[in-house]
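Labels run A, B, C and D following the written order; every chain starts at residue 1.
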Amino acid sequence: MSAANLAPITATDSLSQALKANIIPNQEYLLQGSVLDSAVEVLLHRLRGLCDNVDAGTETFDDQEVCFSLRDPNQQAAPLMLRVRKALDARDMPFQLRYIGQPDLGDKSRPTVVRSSLDIACSGMLIEFLNELGCRIEFEYSVKGYMFRKGRMKITVSKVFKISQSSMSPEPISQSYLVELSVLAPQGQDAIGEDMRAFADQLRPLVQLDKIDYKRLGHMS
Amino acid sequence: MQREEKQLEATLHAILNRVNDLKTAIQALISKLENEYETINWPTFLDNYAILSGHLTGLSKILQSEVAPSLRSVVVLPLQLGCERDEALARLTEGRVPACTHDLVPDLLRTKPEPQAEQRLQQFNHKASTLSHDTAQKQVAQFTKVISHVWEIISKGREDWEGESMRSAGMQPTHSIADTHALVTAVGTGKGLRPGMPSMGPSGVGAPGLGPSRGPAPQLGPAAAAMPKAPSAIKTNIKAANQIHPYQR
Amino acid sequence: MNQAINVEQLNSALSSLRTVRSNVSLVFETLSNGLRADHGEDGKDKFLMELQELLYIVSNNLRDLEQTVNALPIPVPFNLGNTTYLSQETTQDRQALYTQLVNSYKWTDKIHEYSSFAQTLLSQNSLKRSYINSGSTKRRGKLQSNHNVAPLQVDNVINNIDRSYNDMKITISRPFASNAVVSINLSHVLKAVVAFKGLLMEWVMVKGYGETLDLWTESRHHVFRKVTESAHAAMLHFYSPTLPELAVRSFMTWLHSYVNLFSDPCKKCGCHLHHTSLLPPAWRDFRTLEPFHDECKQ
Amino acid sequence: MKRGKATIICEVKNGSYSQYPVPENKTGTYVIELLTKRILALGASQQGQFLVDCESYLSHPQMGTTKTVHILHNSEQPASVFSILESGTKNIHVIADGLFDLLMMKLSQHYTSKKQTKIESKGPRFELGDFCVKLGSVTMNQNFKGILVEVEYRPCVMANAVWGLLREFLQGLLGPTVPVQPTQHLMSRMNEIYTPIDTIYQYLEHFSAYRKVTGMRNN
């Protein structure tokens, strides 16, 4: 009997192996900023010069994101947030289901926000599934913009739109584009944060990419 | 006696090394000046002076240290002065000192500063010692003032220059902190994205946000009416259903 | 006689041309070498003198050449076709004509060779399907037009067939110039691709519903390889160069009968699967279109 | 979504296998060996092993009506996790990548795993012409429960068209007296294009039946 005839290991086993080896990219390193509409062209131009995936023009995306929350049944912990993203410009692509944990800003010496993150590609009736699971839609919006890649770093420059009730054209939230620089990596690879800082510095003074705690901002206003 | 000799030798060796270092550094400096004066990067060139001064302090440290005292007791006695070329000396000095002549020896073997210099030094020392504490303080303050003024001018100039470079690209400020915060909170907590409830935190209690029905909306059976995606027409249903789903409250 | 003189004159013209060339190259060589040691102290003047001398020689030679050329009788222009333009372009790399000429010569030569072989073979073997036996020159003319039909006409024929079936979708593409490659989607059962030459079918490949279609790779499923075999047989069976449209239509009708490939049992043994090959009935009778196993069809 | 191939899964029960009386104590291995011999005699070649497992999670009682999430893996689609949510009469499925298992861990407050009902079907996998046959012995909590035979006919994507053919094949393999019935799920999707989730639904239906039997016995 050849090696191919050995019994396949169960999915749970392979998952726990992967967990042990720490190869699952479940941490997101994140820097955020924005750029005014008037300056976005300059930023794009600069990114075209800096990034890898620009041979065949810039990559665009047009996504819709729905944010769900799942209450803790014991009312103890904060509700679990799940986000579903689907591409409006490529309808046959799978949905992206995301779990994002609490952001950890750390002290001043930490270069980026770190938050736990699970990125799961899904197909099927995901929205309905989440609804039935007990999730509740918190809010939704659409994002439209450009995606760049530099090594492991992902840079998105996007406009955030409110979803309008009627068939009106979607209404942008502000006169700026949201700029995000992120890397998904397994736990403990903090060195990437320095790389991200270095890259963020290249975009100054056009964009100021920073660690931003939206939780605190939300309470402030 | 032998131990002392050994010590002396070691000290001399150390001094020689230092002097050699200094020499090579000076050589490098000179050759740079002569050969690369067109392409030279002046800030890095200044670093050469730092190297020189490093070597100098190293040398003076050795000379000041306790190992040195034996040197003070050693006398260098010019045995022979002459105008003839001394090959051995020339080789030792790499051709700089061809002969041990009368006009060179006083400079080379000097152990004290020149009398004129000594005099001036004394003058300065005297002036410093006679200066009152108050005047000294005053002068220091004045000096700091001048320096901080210069610093201000420079930093202002830099700001202007940076602003200029941005303006020359055809823009006023390119980003706004307020917009950044608005966008980040919107994406993070949904602020401004929930129709009908403008600034509610993520844990907001109350009627669920009524998301407009979207693209491939799932078919909502009567059982699913509890879901917040239901159109507003069946708001009452939501309430009723909420009782069935206590966790939704 | 006259011709002999011509040759002599030509020769002298050519030789004077050669002299001009060699002297001109001498000028350039001297120029490129520049001042040499043997020019001595006031080398500049000497060098200029030398150059002047050489230029003088060249101009003399040029005059000679002009004289001899003028003395030549004006030749009757040859008709060289496009090759006359060869002289207009001097750099070899830019015209790239030579290799093309050689290639086209080679191909014409090959075609000539093969066609003579084909001619002998065809005259020896009397193929039943071929029109050659009929010997009628009229039909021959017709056949040629079947190999070389206007794309529009082919489109019409195929689109007509497409319209007559609901569950068989036929799409035409022309990846290779004018010849159509037709891909057929038969319900959710199979896909096929047929290469046409004019209105004559040249190649068929059948594959499963989920597979990617191309002309050359075989299906990964046994059953569709079998169907491909049958389709080749059918293509040859229906071949009729005189009535190409009928052939295509009959082939398509036959192919359409595979819509029940998996659901209908064999007419002979009554089973879905043949007991040894474990294949469904992958053969369709040409006339009745009834399903049979390959092994049951006799 | 990737297209699948028409597959039926048939349960081999002791009773229906009456032609070859099987001693009670060694049912599983004996039947598997017997079927292996038969299928090899038909000219099949063994191509590895297969494994389908299913774990079910129950919603927290605080969350109202009980809902069940079944998480299934199939070694034929090793990078995918199939998740089926049973809510009342409705079944909603999602096909996700492997990280979905991690998400279920995050949801452990809301959905708790019923470890004792973890069930799997595992065994050799054969290829025979265009057929792929999998002989799985079903174990729940290390206890042997029965045998499921999966037959996949790869050229065809419509269950309806190929049903007769598959039944003929299965009856040829298992014996003509074995009743071959499509599962409820397959019945409803006879005229659709078959996808891997359809296989998963069939397994789930069979697995649920096994669990029910166990539950009754326990009562």
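The rule is simple: contacts are C-beta pairs under 8 Å (C-beta built on N, C-alpha and C of every residue); 3 or more make two chains touch, one makes a residue touch a chain.
Only a predicted model underlies this, so the values are computations on that prediction, with no experimental measurement involved.
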Taking mean CA positions as centres, which chain lies farthest from subunit D?
B
Innermost chain, taking as reference the mean of every protein Cα atom displayed
A
So using the touch definition from the top, which pair is joined by more C-beta contacts, C-D or A-B?
A-B
Intercentroid distance (Cα basis), subunit D paired with subunit C, Å
55
Centroid spacing, where centroids are CA-atom means, of subunit B and subunit D in whole angstrom
68
Cα-centroid distance, subunit A relative to subunit C, in whole angstrom
53
Roughly how far is subunit A from subunit B, centre to centre by C-alpha average, rounded to an integer in Å?
36
Can you tell me which residues of subunit B touch two or more of the remaining chains?
245, 247
Give the residues of subunit C touching no fewer than two other chains, as numbers and ranges.
none
What positions in subunit D touch 2 or more of the other chains?
62-64, 87, 90
Interface residues, subunit A side, partner subunit D - complex:
1, 4-8, 10-12, 14-15, 24, 26, 70, 72-74, 77, 80, 97, 99, 118-126, 128-129, 132-134
Taking the touch rule as given, give the residues of subunit A at its contact with subunit B in the complex, in rising order.
32-36, 38-39, 42-43, 64-67, 69, 71, 73, 78-79, 81, 86, 88, 125, 127-128, 131-132, 134, 136-141, 143, 160, 162-165, 173-176, 178, 205-208, 210, 212, 214-215, 217-219, 221
List the residues on subunit D that touch subunit C in their complex, please.
3, 5, 42-43, 128-131, 153-158, 160-165, 168-169, 172, 193
Per the contact definition, I'd like the list of subunit C residues that touch subunit D in the complex.
188-189, 208-210, 219, 221-224, 260-263, 265, 271-273, 277-280
Contact residues on subunit D for subunit A in the complex?
1, 46-51, 53, 55, 59-64, 67, 69, 73, 75, 78, 81, 83, 85, 87, 90, 92-103, 106-107, 109-110, 120, 122, 124, 197
